[in-house]
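For reference, the structure I am asking about is given below.
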Amino acid sequence: MNLIVKLLFLALSLTPAMTLLTWDGGVAWPLFGGITLLFDLNPVPGFFLLLLALGAPLVALPMLRGPRDEPAYALYALLLLGMQLLLLAGDFIGFFVGWEIMTWSSYLLLLRSPRTNLEGAQSYILFNLASAFLLLAGMLVFYSFTGDFRIHAVTGLNTLQQLSLLTLFGLAFLIKVGALPLHLWVPRSYDQAPDVFSAFLSALMSKMGIYALILLLTLFPEGLAGLFGQFLKGPAAGYVLAWIGVITSIVATFKAISQEDMKRLLAYSSIAQVGYIVTAIGVGSSLAIGGALFHSLVHTLVKLLLFIAIAGIVLQTGHRRFIDLGQLIGRMPISFFGVLIGIIGLAGMPPLPGFASKYLIYVSLLEAHWLLLLAAMILSSTAAFVYCYKLIYGPFLGHANSPEARVATEAPWQYLVPQIVLMGLLVALGIFPGWAIEILIDPVLTALGMTPIGAPAWGQLATAYGGYDGVVLMSVFATVFVLVTAIFFLLRGRMRQAGSPYDLSYAGEVPTAETPLHYGAGLGRELRRIPLVGWILSHSTQGFYAGLVRQTQAAAGLLSGLYSGNPQTWILLAVLILAATLTVQTLTGA
Amino acid sequence: MTLHFTPVWFIAVPLLLAFLSPLWVRLRLLMPILLGAHVALFALALSWIPTVRVAPLLETIVIAPPLGIHLHLDAVSLLLVALFNVAGAVVSAFLWLSHAEPHLRGRPAFILILLLIAGSSGMVLTGDIFNLYVFLEIVGVSAYALTALRRDKQALEAGLKYLIVGSVAAIFILFAIVLLYLQTGQLNLAALARDFGHIPAPMQALIGLLMLIGLAIKAELFPFNFWVPDIYRGADPEITALFSGVLVKAFLFVLFHLVFLLLADPAVARTWLMALGATTMLVAEAVALRQQDLRRMLAYSSLGQVGLITLALGFASEATTAGALFHMVNHTLIKLLLFLLTALMLRRFLSVRLADLQGLGRAMPLAAGLFVLGALAVLGLPPLSGFASKLWILKGFAEAQVFWPIALILLAALLEAGYYFRWIKVFYAPEPPVTAGQAEGDWAYTPLLLIAGLLLLLGVAPFLLEDWFVQAAKALLGRGAFLESVLGVQP
Amino acid sequence: MIHHLLDALAMLGMSYVIGFLFYGFYRQFNARVQRRWGPSIWQNFFDNMKFLFKSETVSHGAMFFFGPMIIMAGAITTVLFVPFLKDSIWLQGFSQSGNLILIIYLLVVGPLGNALAVGSSGNPYGVMGVTRGLTRLMGLEVPFFLGLALVMLQHQSASVHVIMAAQDGIANWNLFTNPIAFIVMLLPFIASQNASPFDVVGAPVEVYAGPRVEFGGRLLGILMTQNMMMTVAKLVLIVDLFLGGATTVPILLVKAFALFLLTAMISLAFPRLKTEQTVDFFWKIPLALGVIGVIATVWLPWS
Amino acid sequence: MLEFLDSPRVFHGIYLLGSLMLFFIGLYGLLAKRHLLKIFVSIEIMELAVYLILIALATSPGETAPILSDGLLTFTGMADPIPQALTLTAIVIGVAVTALGTSMAIQYHRLTGKVGVGEMTELKD
Amino acid sequence: MYHKNECEGFQCEQRMLEDSLGQPNGEFGILDRLVAWFRQRSLFVLAYGTGCGAIEMRPLMTSRFDAERFGIIGAPTPRQADVLVVSGYLAIKTLKRVIRSYEQMQEPKYVIALGSCAINGGMYWDSYNTIKQLDQYLPVDMYINGCMPRPEALIEGFVALQKRIKRGDKGGYARYRENIDWYKANQRKVLGDNMPPDYTYDWYHTGDLA
């Protein structure tokens, strides 16, 4: 029974893949009053459906670990259903239906974690519902302009109408992707969600916001370029969006560096990575959109990998703070490689595909002549090295800081299989960036009416600014690495393994297990002394939202004073209102 | 001999049953009979759908209108009557199938529930304004009595408060009726509608205001709804479900029926009503944020939805009206679900305060799940029916390019999410609650699951009822058609 | 194939030789400035060889061992992706398969591999050093990249070959056609060479807590080797980008030496900065210059 | 001498004034008195005032009761029968409500010993 | 190993120590010569400033004496150092640190005892908490006498050490390895239970020799 349910669940998690492979023809579902839901598979959502199809079973597999949890399985299936509806929708209502099913089912899944607190859950659902309602408002405004809910480009709008559409949709989608200052819910929910589900949230659900942002571009005839003219060589409207993305990524990167909890760190890093994608969407050229799509792909793979690996660590040790972990490299080697590949991808180092996608974005920024944005993006992507390092140092290197970390064993196979698959995918994509461009991204660009990027060979990435060859790069690096290691062993002399982890050159002192040797949690703390970083780290939007909640509560308290328990007051009020209205009527009307 | 089915049955059958109830002794049959009666009447209502589509059905009692009393069955009243009977059926099924307290299963409850449904149906059906008043008082008396049915301190206090405020509202309404009669010499609604325009304007305003305040108290509109939370808190949740599901809907209908009938141009009252609706909605949703008792919270939520319906009906375009009627149906179903769940929780934990319901999801997984479903529906999240109706309303506003109600409705929905999800979060807290009361059998969930299924069905396939709602909206807004059907003349 | 192999070996050998000679020169130059004799110009070679032939090397686990290998591989890859000569089939390596942005990222492979190994050693002082290094990297990359981006924009290409080819004749050197880019990039370049006044990370001798605190023996030798090669790769890259590249090895040597002399003189003239001062400095002065450069070359109407 | 009182306007005016006064007395009692029974009495007074208005304004001086008996075989000169019917109905309903209210008040008093409307605090959160 | 029957006491130990110096380190081929030359040309010094002798290390590095011209330069950590300079008297407390630092150095490694105090106790001969002879605890390769020695003397000492390295002489580290029991016994005599942990040297016992 147990096995059957679990297998069934696994089969359910393959539904996006089935949809992707077997979909033929559109489906229309009339709702009421001329509203018809249209579902069809187009290349643009098809790309995101591919991500979903990849990610869903990989997240489902670790979810099977542990006792059977039918509600969670059911909610996960619902979530997948919602996301598929969203991606297949050809009209706004269907889109919204999918969007909302996704929102609430993910919220309920979030609640299944014992760590969820009220603030986390509330901020998740309220921000997401705010996003949804903004979307709904945007849809209705769109409807009132066009008389139609189908998603299509609208022409002949005046500036005010364009601006209102852009603001409503833009805000809705920026909340979903967690752009600053609307990101409050992201770190809380990614942190508190069930460990494996965080992977889904970060890797796949944030991509729905990206999809929506790309969809937003298609609402206007010439994308963002047609809106408010040009700035330098890119769209002026996109310039603002791009800055939002970049500032998001900078701030989130520094916040990530200062985190002491692995999942929170990854949450902020997700915000930062999605910030790059938003920047690229702001640029809006075909190269940039290609870069955005590529980065979405890479980010999906990387975040799945990292979150699942981290979930494995948390499962095995019960700890999630850097200060409680350490030295797992020997005990959890596969997870270590998972995280290693993950952070290399996250940092955008060659030869993994994170570099390819960032490369496309950089070049698109160069082509748009938006150099300041480029510099800001470089800032956040180099600062990302610090948190990437923290992420691998904290749990795996250094010294074990808790009894559990000293005896932990490798994560169960349900966690390892997805990691190995994802590592393989990442390395393959890194070697063949051109393949991803040709097969995955160019059809989307063509469907968006843009010029495809194209690739001379599967291993090559080519742009107007030049490109690089992933195969050559990878083979050179690998060959050199092997040769260097071989030559090293040819040298005379003896390698000796240190007799103890405490055999450290420690100014002549003898460190012991009690000596605080692990630097994980404090890593990056000294960055506060840099004025800009210190300023960023000492400010937060939390106070603003907490204040908003307080004010709302206070207003509610004030109003609830009206609802006293005395019938005479009620009647007095009614009579007074009657008298007042009558007086006003007589004075004005008569 | 063939039975002659007429709309009178909607009123006569329950009344008859109520007054005949002392004839049979076996108390165990009461609830099945109650259920049977409602189901039968619901079936009767359904059987009239084709007839009503063609033309409204006029049932004359003794003398033809405008002199005599008549019942007016058109699409909208049929809709509401059917709805009331569904609500009655669900509540009686719940009372029958669950371990309800004895006072809720006794003869008084039986009689009063029947009276309540009969009175509500009467209010909706009647074409005579004084008859309306009579039904209003029947409903009122049965409601006061139902509130106090438990006869403990809280129930009695709630009943007394309800009685005082309800009587005052009735006096206002009666005053307005008296003035109307003195001004026009008519009691028939259609005739009144014809003649209302000839009344001097200040008198129109006075009558309008008196009527508005009286009905607003009954229909729970701000700033006349301060009594609601206390009553909902004091009464049994099963009864409250009827109040929120049946009573309010009937009064809202009466309010708007009168508005649309008496005023040749509803635009006069549009601003007033929409403002009332919007304030009701926002204030209620805001206040609900701080509630610690589930019954109170649901009361405020109910107020919020009433505000939304008022806002939409007040706009008086066909789309918003149809949407609002749809929303009425949804809201009735949802509030039945939620209040009956509250009843279950109350029986299990002897309290429905937020702190006492920590971790309810573990003790009563099905109840918690159904609560979530209800909450999602009331928030208007797809794929539940609340979404379809809200979308219909919003679409109506968007078609008319009026955007401020959209903004307010969405803001209110956000506030509503703020408290509903707080409760849901608490339900799914990891630590299990202290269970004090008795566990409930699975049968009690049957009516609730039925409602849940209905909510889902209506959300996925609202087109099933679309036509009916459009007809109903047309009937509600179609003043000319109403007058024509009753008086035979075009005003 | 043979050609590629020979070419690669030549590049590696050259970068190594130039590397230790330049470093030796730097040490001697430094000594002369400090009015002492200083070591022989070969001193770095001796040091390196000594370490490579240490008879004992302590390792702290696999990652500790593979870290330097990754760094070395990264350094060699970097060298192989920088074209040393212009208009020549020699000393090109695999630079046709790469571009400037790739090279900038390859430059970072070293510090990250190092960071892994240091973390694996379990010495907290080492990790502190790594953090300092990554922090400095964060500071310097912004103006460095901005300066290079200005050059890329000027030539509408990220290919080093294209940029090099466009600078025929001394008047077309980017140093003269785009001086602001050079100025913006110069100080970050010094920092990326790990030279004074931005060298608190390695902090030779004085500060106990550097990334290399736990490295000894042959692993340290590897680290020294890659450092010298990397220095040369960076120098050649800047020569390619700003000084018009070189068609023959002697010219390359001269240009690289001139650039090296410039950086050495700047290094010797200033005292060391703390890490946060370094970062703050880079985000204020060179970045502000960069912003001015961007405004002047991109925003204003004549551009 | 008091003929002018028979003119309908004056007649109606007096009744209107009187019943309005009655209405306001009731309203005053409703709002000012704390005792539950007094409140019911006030409500009754208000209701009665409304009935009075209806009856008084619908009847002009000199009209007879609308009853066909004792030789009165035509409807001429009779008062409008409808208000009277209405009032009778309303009175019945009013009595029912008051009876219910009174019984509830008594029961409440037995349970809690309270009689004041301001003392009802069971439902306070 | 230390043979007690050949001679007695301190003289015997001294002879044994001196015997081991000056013996070529097995085969000495061309590569070994080259390597030995590189080694002598590049000495990274871990200057353990235990006493006042540390004062004399500073001028050695500065412009006037400029030890860098001999390839002598300071090292930040024992891992990178070739030469351990023990400059001055050694308190027992310091001895522990010095031993640990020495054991953490990578072979080949050399020890220079700087000043009388490190060589024979000097003016601290009868102090209760200093050791008298460093070479009982660590294998000293070069003794630089004086109280304190001038930088010139230091340079001479370094140069002498360089010559010895160049010649391929077996360094003190080999002696330490061979006589580890003796050294450890001596160390334990003064340090008692307060010995540095075993893991820095216990591989000497396992036969894990180069």
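The letters A, B, C, D and E name the chains in turn, as written, and every chain counts its residues from 1.
Basically, a residue touches a chain if its C-beta (ideal position, glycine included) is under 8 Å from a C-beta of that chain, and two chains touch if they have at least 3 such contacts.
Computed from a predicted model, the values in this text were never measured in an experiment.
Novice: If you apply the touch rule, which chains end up adjacent to both chain B and chain E?
Specialist: Of all the chains present, those in contact with both chain B and chain E are A.
Novice: Among all chains, which one's averaged Cα position is nearest the averaged Cα position of every protein chain shown?
Specialist: Here the chain at the core of the arrangement is A.
Novice: Go ahead and name the chain pair joined by the largest number of contacting C-beta pairs.
Specialist: A-C
Novice: Measuring between Cα centroids, which chain is at the maximum distance from chain B?
Specialist: With centres defined by C-alpha atoms, farthest from chain B sits E.
Novice: Farthest chain from chain C, going by mean C-alpha coordinates, please.
Specialist: D
Novice: Mind checking the centre-to-centre distance between chain C and chain D? Centres are C-alpha means, answer in whole Å.
Specialist: 101
Novice: How many angstrom between the C-alpha centroids of chain E and chain C?
Specialist: Using C-alpha averages as centres, the distance is 38 Å.
Novice: Taking the mean of the CA coordinates per chain, how far is chain A from chain D in Å?
Specialist: 70
Novice: As a quick test, compute the distance in whole Å between the mean CA positions of chain A and chain B.
Specialist: 44
Novice: Chain C: which residues touch two or more other chains?
Specialist: Residues 53-58, 208, 213-214, 217.
Novice: Going by the contact rule already set, what residues in chain B reach two or more other chains?
Specialist: As it turns out, chain B has residues touching two or more other chains at 160-161, 164, 168, 230.
Novice: Could you check chain D for residues that touch two or more other chains and list them?
Specialist: 30, 39, 117, 120, 123
Novice: Taking the top-of-page definition of touch, could you list the pairs of chains it picks out?
Specialist: Listed in label order, the chain pairs in contact are A-B, A-C, A-D, A-E, B-D, C-E.
Novice: Mind listing the chain D positions that touch chain B in their complex?
Specialist: 30, 36, 39, 43, 46-47, 50, 53-54, 57-58, 80, 82-83, 86, 89-90, 93, 96-97, 100-101, 104-105, 107-108, 111-112, 117, 120, 122-123, 125
Novice: Which stretch or stretches of chain B touch chain A in the complex?
Specialist: 160-161, 164-165, 168, 201-202, 205-206, 209-210, 213, 217, 223-224, 226-227, 229-230, 283, 286-290, 319, 322, 365, 369, 372, 376, 379, 381-383, 387-388, 391-392, 394-395, 397-399, 401, 403, 406-407, 410, 413-415, 417-418, 421-422, 424-426, 428, 430, 462-463, 466, 470
Novice: In the complex, go through chain E and note every residue touching chain C.
Specialist: It comes out as residues 35, 38-39, 41-42, 44, 62-64, 66, 68-71, 73-80, 82, 104-108, 210.
Novice: Write out the stretch or stretches of chain E touching chain A in their complex.
Specialist: My answer: residues 48, 77-79, 96-98, 100-101, 104, 196-200, 202-203, 208, 210.
Novice: Sort out for me which residues of chain A touch chain C in the complex.
Specialist: Chain A residues touching chain C: 232, 327, 329-330, 340, 344, 347-350, 355, 359, 362-363, 366, 369, 371-372, 374-376, 378-379, 382-383, 385-386, 389, 392-393, 396-399, 460, 463-469, 472-473, 476-477, 480-481, 484-485, 488, 491-498, 501-507, 516-519, 523-524, 526-527, 529-532.
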